Amino acid sequence: MFRPIGLRVLVERLEEEAKTASGIIIPDNAKEKPLEGKVIAISKEVEEDENLPINEGDIVVFAKYAGTDITIDGKEYLVLNTDDILGKIEK
Amino acid sequence: MFRPIGLRVLVERLEEEAKTASGIIIPDNAKEKPLEGKVIAISKEVEEDENLPINEGDIVVFAKYAGTDITIDGKEYLVLNTDDILGKIEK
Amino acid sequence: MFRPIGLRVLVERLEEEAKTASGIIIPDNAKEKPLEGKVIAISKEVEEDENLPINEGDIVVFAKYAGTDITIDGKEYLVLNTDDILGKIEK
Amino acid sequence: MFRPIGLRVLVERLEEEAKTASGIIIPDNAKEKPLEGKVIAISKEVEEDENLPINEGDIVVFAKYAGTDITIDGKEYLVLNTDDILGKIEK
Amino acid sequence: MFRPIGLRVLVERLEEEAKTASGIIIPDNAKEKPLEGKVIAISKEVEEDENLPINEGDIVVFAKYAGTDITIDGKEYLVLNTDDILGKIEK
Amino acid sequence: MFRPIGLRVLVERLEEEAKTASGIIIPDNAKEKPLEGKVIAISKEVEEDENLPINEGDIVVFAKYAGTDITIDGKEYLVLNTDDILGKIEK
Amino acid sequence: MFRPIGLRVLVERLEEEAKTASGIIIPDNAKEKPLEGKVIAISKEVEEDENLPINEGDIVVFAKYAGTDITIDGKEYLVLNTDDILGKIEK
């Protein structure tokens, strides 16, 4: 599996429908509306940073054009800098 | 619910009328006059920063074009960096 | 009332006449001559910074185009970053 | 042999085929997709940085145009800044 | 009187003639030659900074276009950032 | 002799032929390929920096257009910032 | 006499001939070759900085267009930032 390095996390983008369950709707046409994704893996540095309460399984909201696309085992993921993460959904 | 991450807070914009109660009028035509909003949620980092006395329920004043729009449960909110917050209204 | 946040203070601009009392004349036509104002409120951070001896009631001198205009209870004020404050008048 | 200095590592690029074994496919035509390589040597500074868990033999993923080409004993390598390393493949 | 704030001092420019006494001649036509002035007031921060041995009464030499003009009791002064002070004349 | 100051070292460029012995070939026509040189002197600061294991006699590899040319006793040398040093050849 | 302030030293430029004695020749036509000068005075800050082994009387080599010209008692000197000093000649 892929382990991020530095202040980075690996995220799987959430499609529009999946999002209505969590309540956050990010309409396509909106100007630069942030996007949503599920955290798949976090780096050692993120794990040890108390001010970055981000864990595997969290649903995070991030700036639209942030991150780098990467394909693992044929599936599309995004490597995100934590600076680009606006917040997360708390149950 | 949405929990901000980093030096950020979640804010609900206050419409013009609501503002007259607090005394701060931000006329539309004014050049880049700052805006006002109610704090809905703050990040862990803000909570623990003594120099950022911002709490849920505060009415804050912020630079006009600051922040990122976000919709939660069909309602419009703004994710703000604390740098963009000029001050708050004290009762 | 309005409480500044971060390294900021709230200032009420002093009109030309009021200034002759304190001795500092800032003629309008002068190129980028600094301006003067009375400190109405300071942030917690300014209060606790020993290198920023700025208190409510002080008359401060600041760079001409600094700060953000704000109207409170129909009166015009200026929110200033302390970096833009050149100094203050001591009795 | 070559020993990197500063926050740098020496990497040998992995050709496309070699990658299917590790599961990460970086198709040529993709826009700025990151690349992959095997770590040949790390600097003293990287070795002692707990937040940079990068070791010789690791397969790392890095930004497409990062690093400086270098030829050692007729073989092509890349000297990479650790900032450009997105993450590594964990077995 | 005016008390500077931050890393600033208040200086009175020395006219060309006055300078011949201290030995430093700054001919007008010279390209960007530095200027000279007498220190009238220093900020609390400068006072407490051991690496800034600048005191009231010192004659300092500073970059030509540095500082902000200010008029106090009808007299012209200059508010200078200490970064712009090249050095001082020692008797 | 010349003693560098700050994070700098003095280097004597190695001509192409000399390099085949150490194994690193830096062909002229290659785009911005890094260059090689022998360390003649290091500054006090470099000497005391544990993260900069660079000593007199080392063969270092550095970015093509880095450094400042200097002639000592008729011989050409280069004064290099350590940031521009990619690594060194270890026997 | 003139005492530099901040990370600065006062230097007297060495003419071409004087330099042949110390061995460093800085031919005029050479592109941006560094220059040489004798240290006349150093600031308190330089005096106390262990990583800046620069003393009065040292012959230092510095970047061609560095520093600010200053005339003292009719003689031309240069006020240099220590960043612009590449190194010094050791007997």
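Chains here go by letter, A, B, C, D, E, F and G, matching the order in which they are written, and residues are numbered from 1 within each.
Just so we're on the same page, a contact is a pair of C-beta atoms (placed from the backbone, for glycine too) under 8 Å apart; a residue touches a chain by one contact, two chains touch by 3 or more.
Fair warning: this is a prediction, and the values are worked out from it, not measured in the lab.
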{"item": "Distance in touch steps, counted as few as possible, from chain B out to chain G", "value": "3"}
{"item": "Chain D-chain G separation of Cα centroids, rounded to whole Å", "value": "43"}
{"item": "Inter-centroid spacing, chain C versus chain B (mean Cα positions, whole Å)", "value": "24"}
{"item": "Chain C-chain D separation of Cα centroids, rounded to whole Å", "value": "54"}
{"item": "Multi-partner residues of chain C (each touching 2 or more other chains)", "value": "none"}
{"item": "Round-the-ring chain order [start: chain A; next: chain B]", "value": "A, B, C, E, G, F, D"}
{"item": "Residue ranges of chain E touching chain C (in the complex, touch as defined)", "value": "1-6, 8, 10, 41, 43-45, 48, 68-74, 79"}
{"item": "Chain B residues touching chain C - in the complex, by the definition given at the top", "value": "23-27, 30-34, 50-54, 60-61, 63, 82-83, 85-90"}
